[in-house]
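Take this structure first; my questions come after.
Think of it as A, B and C in the order they're written, each chain with its own count starting at 1.
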């Protein structure tokens, strides 16, 4: 039996003990759920829009290799340079080369979850290039030396007092305040100079339109625009699944993403980038690069069922609505993506042997799939991956089968023997009724159950006996 | 006049009953109450003794082969073309929505699909197929509802049980905060990640207690075992009931 | 071409094929009970975009009032546009707050723009009623940073250029033909909720968005 990693459980239990953290998450997630609900007053409109979003992404995925080629052609025609990376290492090296060639020493970043996958900031620091986050939430956690706890609101685990202290400590000349407006103004002051002085700008990509060769970025703060308009070079990074057929399709996808994520009709800025500064233009980056990253996505794509996870538009509705995420926050999930979408992506990207414990961080309540704007069957995918973790089908998932357990096999064999055979079921339940209530509460499983619950009592008689007595037909 | 949701040609003369293994082992009287309600609504109930469990625990853990073996035993236990009524949205959801996945690509899939189409959740069946009318004979009481996740999200049963409760003249139904949030049971989840499950059920109990209700009613004994167990341990002044048992008590057990 | 490119494409091509589904039927917002301009006003107001109605002939005077209200001591403007020429003409007869022309490359104006400009004025291509968004297409005459860097963005919108939805705007503007290097939807001033989910305005982009709506 392999040694299982218990990182997730340890981190989750630690997070549960942090009352402040639980209160923060509960309050904010409840607010987000209410705001989303208010955005979708008409259930028919919501379902029609979700179906549209799903079909846009399914079409794009069905034509993925062709669309990537079309996107590349149109980007190049627009003057944008395109690079491909199979792995995190390759992606990092490509970007480092671009920066070195331009003699760039500093990089100002817009928000990008794919760069978190690549541990990109750390890599650049090691290579003496300063990468500064400019999204307020990302800036806060970068100052604190932490990772994001939510994919849309990365610093949501911190309260304003903690942020006030952090700013006082890390920003020259900044006194303590816990006023969010003053804290925001302080970040604006610092980052404006960085935007002006950085050698290069960096961003993620929300959607890439193949028909026009455009990169579409959503942002509320404007940092996504500052990072891509001010520095003389812009490097964008995206996973292969971000491409869609037509610019026009961005409309319903943005509507779905913004309403599902934060309950707003649209983000303040939708920034469509279709080329660098042209001759005669007075601003904009002189070079625009796009790095297209695989990092395990082609393997996900290879399985028709698991492929459904690639529809994700990173709105975070699944985590906002997850009763587990709400109680433990994002850091407990250990790897890049928290919440239900992380339960799907992390084990596939990192391998089940490393990140498979998170597959059990779900009661399978189905709230995530119910709210997913592109109808990803998150719960079914979690169960599928649980299966892959013990009984792999072909080579579907990295580390498939690594969670096999002899003990569990024995338990489920016993269970099957009892429940698949009516006679054994009667005998087994007869014995349970006789002796079940004598089992001490300290037994494994029962011990966990009784930590906050009383011991369940086996009934003295079977429903089948009662029914026979009361004249119910058995046939 | 809303369109009838009954997929059957009318009220069936006979139905099968699948009480679930949990009800058999721990709450047989709740299961019997479901049978009684079906009889009162005007149908004959047949409960095959060859059945056991829907197979959900194994399927949810990824042990499809074991789940399939157990599912096969259920397929064999209900041979006639009668509706199969289940006093649990979760077990019904397993049979109706996940059996096809277990038998995907296998020759018996068409029979499995036909079986799935016959599976109904009890309260939905009482409302839409049997068109049951209840006359409340009980004392005034304040209750709250816990909808099970699978009942709501796999079986689409959301308002039916609450409508039944609302139809009782002396019953005041109050909604708890986070009513539609999972209670933290999740089968093996409750013992695999006991601390998270405990946090969820503790919040659930606090929200139930805050309603001032003296009873919490649910259509799933899995959730109820979790919630009642936590209420009992916390000495909360609320009693947990299966909706069938609660309804039967309100309309009078003795009346035919 | 790189190995990564061919390896990625090859793996995708070898993967099991799935049918290409039709786009599910869905219609973007259409004028039903709420008129497009009313919807635009409501949604823009909800995100703190200010809208001031005026006639074409009164543009310069309205702008003067806005600048005075906001106590802007200067204005970044594009001299070679219709709006720019209107401002020049008006300021020639009666000077207003200092005009700063965006008439040279960003590199020469960067420090001034970042530190000392109070307001910037741009045209728009129209607006979208569905989401309450301005359509802004920066150009050589009216560059990208004008609607971004100054703390106050003043946008001139003609009421006649109101589109129901993004889809409609894409079609009618030929957005999907050969789009300029940068095109934008702007829906209110810059904002964040990254601290405890509390809404704050003016993080990196403008703190205020004033829309001068030309109604004739």
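As a convention for this text, contacts are C-beta pairs under 8 Å (C-beta built on N, C-alpha and C of every residue); 3 or more make two chains touch, one makes a residue touch a chain.
The chain lineup, named per UniProt: A = Iron-sulfur cluster-binding protein.
Just so we're clear, the structure is a prediction, and the values are computed from it rather than from any experiment.
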item	value
Chain contact graph, described as a line, ring, star, complete graph or other shape	line
Most widely separated chain from subunit C, with each centre as the mean of CA atoms	B
Where subunit A and subunit C are represented by their mean Cα positions, the distance between them in whole Å	30
Gap in Å, rounded to a whole number, between the CA centres of subunit C and subunit B	54
Subunit B to subunit A touching residues, read off their complex	17, 19, 21, 23-29, 31-32, 35, 44-53, 55, 57-66, 69-70, 72-73, 77, 101, 149-150, 153-154, 180-182, 184-203, 225-226, 229-230, 232-234
Touch list for subunit A against partner subunit C, complex	24, 27-28, 31-32, 48-49, 51-52, 54-56, 58-59, 61-65, 68-69, 78-79, 83-86, 90, 134-137, 140, 153-156, 158-160, 163, 180-181, 183-185, 187-188, 191-193, 195-196, 209, 211-212, 214, 220-223, 225-226, 229-230, 240, 246-248, 250-252, 254-255, 262, 264-278, 280-284, 292, 294, 298-299, 301-304, 307
Of all residues in subunit C, those that touch subunit A in their complex	2-5, 7-9, 11-26, 28, 43, 47, 102-106, 110-111, 114, 130-133, 138-140, 143-145, 148-149, 165-167, 170-171, 175-176, 178-198, 200, 202-206
Contacting residues of subunit A [partner subunit B, same complex]	9, 12-13, 16, 22, 323-324, 327-328, 360-367, 369-370, 380, 383-391, 408, 412-413, 415-416, 418-422, 425-426, 429, 432-433, 436, 445, 448-459, 461-464, 466-467, 470, 472-475
